[in-house]
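You will see two complexes here that share chain A, one where it goes with chain B and one where it goes with chain C.
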Partner chain A sequence: MNDQSAWTRIVNRIGFWGIVIITIFALAILFLLYPLFGMIARSFQGSEDRIFSLAAYKDFFRLPYYYRTLKHSFAVSSLTTLFAVLLGVPFGFIVARYNIPGKKILNAMVVISLLSPPFIGAYSWIVLLGRNGFITNLLRLINIEIPTIYGFRGLLLVFTLKLFPFVYMYVQGALQSFDNSLEEAAENLGVSGVKKLLTVTFPLILPTITAGAVIVFMTSMADLGTPLLIGEGYKVLPVLVYEEYMGELGGDAVMASAMSVIIIICTLSVLLLQRFTIGRRSYSMSGLNPPPIKKLKTGPFIILTTLSYLIAIIALSPQITTLVTSFIKTQGPIFVPAFSVKSYTDVWYKLSANITRTFLYSTIAMVFMIIIGIFTSYVIVRRKSNLTAVLDFILMSPYVIPGSVIGIILIMAFNKPPFMLAGTASILIISYTIRKIPYIIRSSTGILYQLDLSSEEASINLGVPPLKTFFKITAVLMLPGVISGGILSWISTINELSSTMILYSGRTGTISVAIYTEIIKDGYGTAAALASILTLATVLSLFLFNRLTKGKGSVI
Partner chain B sequence: MKKVLVFVTILTLVASFGLFAAAQAEAKSQSNEVTLYYSHSADWTDPLIKEFQDRTGIKVNLVGAPTGELVARIRAEKDNPLGDLLWGGGSDSYQVIIDLLEPYEHAHMNQVLAETRDPGNRWHGTSIDPMVIVYNPKLVSEKDAPKGWGDLLNPIFKGRIAHADPVRSGSAFMALVIQLFTMGGDNEKGWKYMSDFVDNLERKVVGSSTLGFKGPADGEYLVGIAYEEGALRYAHSGANLKVVYPVEGSSKVPSPIAIIKNGKNTENAKKFVDFILSADVQSKLGDVHRRAVRTDIQLPAYMTPNEKLGDFYWDTVWIGENKDRLLNKWKDLIIGK
Partner chain C sequence: MSQPLSINDVVKKYGDFTAIDGVTLDIQSGEFFTLLGPSGCGKTTLLRMIAGFNTIEAGQIAFGKRVINKIPAHQRNTGMVFQNYAIFPHLSVYDNIAYGLKARKFSAKAIDQKVGEVLDLVRMSEYKNRQPSQLSGGQQQRIALARAIVIQPEVLLMDEPLSNLDAKLRVEMRSVIKKIQKNLNITTVYVTHDQEEALAISDRIAVMNLGTIQQLGTPLEIYTRPSNTFVADFIGTSSFIDVTIKDSKVLLGSYSFPAALKHPYHGQAILAVRPEESFLSLEENEGLKATINFATFLGDFINYEVLLESGETIQVNEYLKEGGTIKSAGDQVYVTFDAEKVNLFDLSTKESLI
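After this line comes the complex of A and B, so read on.
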């Protein structure tokens, strides 16, 4: 009796939100900090049970076998970023500012290509331009040998086409909220044409462009599936981490850990560099006075329209390719010119469980994300304190950790008692939730900041207790926004490969893993069928997302 | 406040229940499934797996990856095995995890070649897998064509040899051992050859063993080291590829299947082993360029007979015991330590 009252007193003192904060902290420490610091500690382990050693890092920067991959990663990511900006900025500018017809269709095409996993791009470019590719073989008929797309060139091609939509979407967003009075002022001062663009418009949207560029850089640096499929001899850092971890010798866990730390440092520095230089000069504009959409003359109109659709079609070509090839008959690795649904019946007998699982796991993860998103964003925004600021910081950290590294830190932390989670669905769901948490928190806090306090205050003034107000008013108002954020996370979760590849087991394989396995085993038809199923699920969920946000939601 | 407590408790319960329900869902219905770790290519194994499913009603869960990765998985999962069967690669890969394999006397013990059997019955050869050299006859003239392992040091092939990484690929490791022993042995002479060979590779290996034959066939590499099945499959389908049985010799490496100890579906795994070694299945191997292991089945006429594959004996136990050392030596050569 006495105990119980003491317990109640403690609970009363901490309060409901105190308990929420403690719970979230506990979850973050168990599933994120503990595995992460475990890896960092491991990277400093010496060979003969020495407690602290820099041997792995020294080896990394001494031996070309290792440091070469870092150079490769930087080369691929920087050039990808450059090309993505060169493609995304003009494309975004043209579509935003001129009377290009069917903007919604163009945007939908770009969004679909953006949301599908990069390795499907790699796979379909192999189908088109690879050693036995359609286009390669067509060109061979007229005796033209195209250079190999495996290695550096392929990585650049796949990443650029896959990631320029980020820049495109950011530029569009920035131009839509652009305040035209600035351009008008420039014109009044006698600055116009290209000069106005370069001295007024672009400097104003530069922070946004660089924000998009950083995402391109980080995504291309972290991706594992694409370089595994198309990189071949040109090894990048995530591939080496994967090999070091997955080698038959049991791998070199210390080296794999050290290399993971090095990748995280790279992505983190790029992010911070952007935040503290150009990102700082971010200009907030109201969007109340957007510039008018200019009408083009017939000539430029035709050229720019064609060009825009061409870019969108090329961006979407992986989806088109997989859809078409999924209905082509295959003989082992070779497509033969005949229609067939055999790829789909093969999927049915062999991999139907993968499809069910993918949707099940992603949906459970989405429910977690929504619950955590609502509660965490509330304590971060409405219960500001140093503690919640720390919580915010911790939960943002997965943003800079590549998926494969999240997979490795989770399996290393939870493959022994008391946390025997290896090979279970739980560990996949945990990984998905961790990977998407930063995005969910960003979108949920954004919603909460926009939410007017007056309805909450009115409710409290009318005598409704704060907690009841939260559940009856705040949570209800937040829910649509958070759910639409959840749907976006759901889409990227069904497409997730990097961490799944490390965490899956025979009974927990997902669609993306099955596609990857089929590709490396030459089962190109089944891979195409599965990829098409993924695309279909993505398109349907996007449709739902648009309905929920009434077409106003942004996917990035 | 009590309400709050109840709510938080319920929330936590629901959350953990979600996780456990998902975990439980996997654990259920074990009796009619089996989890297969395999490194063979899908086009000839898929029909066999499908037939097994149709005949027995046992659902086969597939984990496909290079042999090295599968072995790494089995080692990592030794306290809680998640797979039931390992299929593919060379017998040495099985030797390194021999304590994690379940002995089984399958239904056809008396019908298989002695050299494809493990004395302790922990792995069972399902085919014989020699390693061969391939070259692209459009790019390499008859005169320059490699005849054996020694010719791979020819400077005209420098940087244009497709060879997978022995650390990841089971067949690439077979090639490493065969090269080492037919070119001098596990001594200074043999390793001098390996070091020169790595130099001629320009320290670059390809991502997967299938590139050993695909790379040269597509003209991206001049020569390659490949497992016989892939090389013959490509050569017979009209690719630009010639297959060479090295003059120094190859080896009769058994490519096994094994049951993983303490797996969740051991009974079904046994059925799968019996199925793969049955006369039915073994008699189909010739059509897919594989050498059957049953004594009652003749090799197809197009295949070089087993006796002509060289004298180098694939000593599984010794190779398995020394595998870590050999691979570390190789890795040092590639890394340039």
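After this line comes the complex of A and C, so read on.
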């Protein structure tokens, strides 16, 4: 008996899905668990010959230079979350419940601002309100000095405006699926107006609001690009991790690892806190009987409509600013009042490779995500076992790992033989795939849970074997949904900066990296042109997404 | 070709729970056989064991002489109609029906011919090129049936196929199904919880409860002579009264009537009376003294809820007669029973005494 027949026997025994499970496990272990545990182990490494040490953690909590950043991160993220809720909940409620005209346009504006990267927001607000900003200079003419936008205030401004759309979208979603008979029941029992909202409506959508709030908190805590651009002296934890790792003197990998672990613990605890308290009480409603849209009287109608569009325009102002400035003539960092397409021609000559790379890497990552999404969700849903539950858990873990930390764990794991991937396109594609895998798995399993098992059984009953049935029926039926999920991931991948900042090399820089370096080099015009190209790609793919999902898809 | 189906002492377990507890059935070739029972009785589980979607823990199932226990679902050659029809949403009507034929490697010409024939049979020819989303529930039902029979299955399996249709369409579809089944003479196992549907459509019925068969028989047998109180209660409506049997007579206080017993029996028993098996009289007779509790007018008949002196209530139906009056609540009546038709059950075993 030779090796090949033994191999065939093994394959026959574990079957196609066994091989799928083993393959996904192998990939997850190699590209996620091994790097992650490598980093955790590194964080406990002692100096010289000591194998285990808490020195890095002790230093972190002892030295203000370190622990201050954690305090800063918490301050920024908590206040951002608070403001995002204060802005997103009423705005979402008003647009969902009242006859505000052009809801689709409003929602499109909010979605576009949501999907564009936060650091473009930071950059645009610098262009508008920074030391040499348009508005700053205008106000200076009439002798008004506005407070500095750099540091804490800037972070809060950028993050709130960038992230409140999460809360807005969640509130809208919850209110749209709200069962109106509950409110009618309250009224029938003699409770109306604000009291009805406080005793029935808001308690029921509270779990959804907090879910949105947690995303705001986690995103603002994890973001690297924004604080790098606008944080300046007010250092938050991801910035310190980045500096510590990329430090000019080779950096302190042990300290960077320890701090990465601390960030993960923070985001994870917030997520778990929400899941196991308010999130538990999430109520599912059919949405078959949504509340009617109320007509406002003229006065309130004008006020609320103006307010709604004002909020949406402010949220979208980074995109508007970059689009406008991309067509303004520049001399170094100075904008000159004249129309020009030079920014675009500059991009074309100097940075077209970055554009090609961005779309190439994101598309390859998207193909991986779609394939992994279909196969993995199938084994998680249809081949339920303890093993696939573990797989599900492992693949969800990147959800709580900030992008920059994913960058660090990958580069620490793969910067030496046999896995010499540092500086290659592969490591970027791997990082993009890992970052988005939790989202793609959630959306794919969601699709599969909604697919009726009897379609597959009907196919088998009609004589098509199970594996062939998977390809002829299940995969075909899942594909549109998984592709729409893939498009959303593609959008966030072309806009990705946090892990790219750590992983790119001269040969693999993307658009977002080019924007960042252009801003640092005061190449504001080219940065604006690049940002506009990203926005255009985002809008076009959103359009495609809407076509695919027939307008019913949710971007969150 | 249509085959007889024999199920021999089969068992299905989910952990400690026994869903099917040693069921044996012999279904004739061409027979329309119904598994009837309340939800959770195991009827769908058994059907899915025949289809191959549930494993068989013990016993065996055979189509003709072919034991199918170990044959995977896709090689069993059964045609199944699902409760929600399971029409492939991405395929046209034509491609849905051709699906099983393609899997059987028929030529394009043969497929075309067979699909055409079966569409004629279910009267859906003009819908050939429609997408499933353009079909109504009843039309989807016809396509699901066409798709299942076009492959000429050895056994046709139907899992509550009419439960998603409205009442009128349900009655119409059940005669469509029955006619096509007789026309093709195809062995059919039909699952339903609707006793009226089962009585109307079946050659034979197995009434199931708790994973076992309670009674096996023709619709007439099951309705007129239920083998235990569960069947008497589940099929149609029965009122149950505690009685004593002595010297082949049913004793109810001063009222008594002859009992058509299978074996001699003495002592406590349960009398089951259907609403059409009792008579009410306003004039005093030998019957039980009782009071009308409630009268419900139902068109061609009136249903009375009648309170006996023992405290038990029974249902009685009276057809409208010319010049007849409707009794009203509070009226005193005398109740007598149709001794030939009523059923008697052993108080302890709940099994029929007749």
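One rule holds for everything that comes next: the second predicted complex is superposed on the first by the 554 of 556 C-alpha atoms of A that agree within 3 Å, B and C clash if a C-alpha of one lies under 4 Å from a C-alpha of the other, contacts with A are read in each partner's own complex, and residues count from 1 in each chain.
Note that in this section a contact is a pair of C-beta atoms (placed from the backbone, for glycine too) under 8 Å apart; a residue touches a chain by one contact, two chains touch by 3 or more.
From a predicted model like this one, the values you see are computed outputs, not experimental measurements.
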For the overlay on chain A, clash or fit between chain B and chain C?
fit
Could you tell me if A:462 is touching chain B, chain C, both of them or neither one (first, second, both, neither)?
second
Looking at the overlay, what does A:476 touch: chain B (first), chain C (second), both, or neither?
second
Is A:416 touching anything from chain B or chain C once the two structures are fitted on A? First, second, both or neither.
first
Which partner reaches more residues of chain A (counting touched residues only), chain B or chain C:
B
Does chain B (first) or chain C (second) touch A:290, or do both, or does neither?
neither
Figure out whether A:361 sits in contact with chain B (first) or chain C (second), or with both, or with neither.
first
Between the C-alpha centres of chain B and chain C, what angle is found at the C-alpha centre of chain A, to the nearest 10 degrees?
160
Quick check on the superposed pair: does A:346 touch chain B, chain C, both, or neither? Answer first, second, both or neither.
first
Shortest Cα gap between chain B and chain C in the overlay, whole Å, is 15
Overlapping contact positions on chain A, where the chain C interface meets the chain B interface
none
Quick check on the complex: what are the chain B residues that touch chain A?
1-2, 4-5, 8, 11-12, 15, 18-20, 22-23, 25-26, 33, 35-37, 41-43, 46, 49-50, 53, 59, 61-65, 67-69, 71-73, 75-77, 79-80, 82-84, 93, 96, 165, 167-168, 173, 203-208, 210-211, 214-215, 217-220, 233, 237, 323-324, 327-328, 334-337
Can you list the residues on chain C that touch chain A in the complex?
51-53, 72-80, 82-84, 86, 88-90, 99-100, 103-104, 147-148, 151
Show which residues of chain A lie in contact with chain B when the two form their complex.
8, 11-12, 16, 19-20, 23, 63-66, 131-132, 145, 148, 150, 228, 231-233, 243, 245-251, 332-334, 346, 349-350, 353, 360-361, 364, 367-368, 371, 411, 415-417, 420, 422-426, 429-430, 467, 504-509, 517-518, 520-523, 526
Touch list for chain A against partner chain C, complex
452, 454-455, 457-466, 469, 473, 476-477
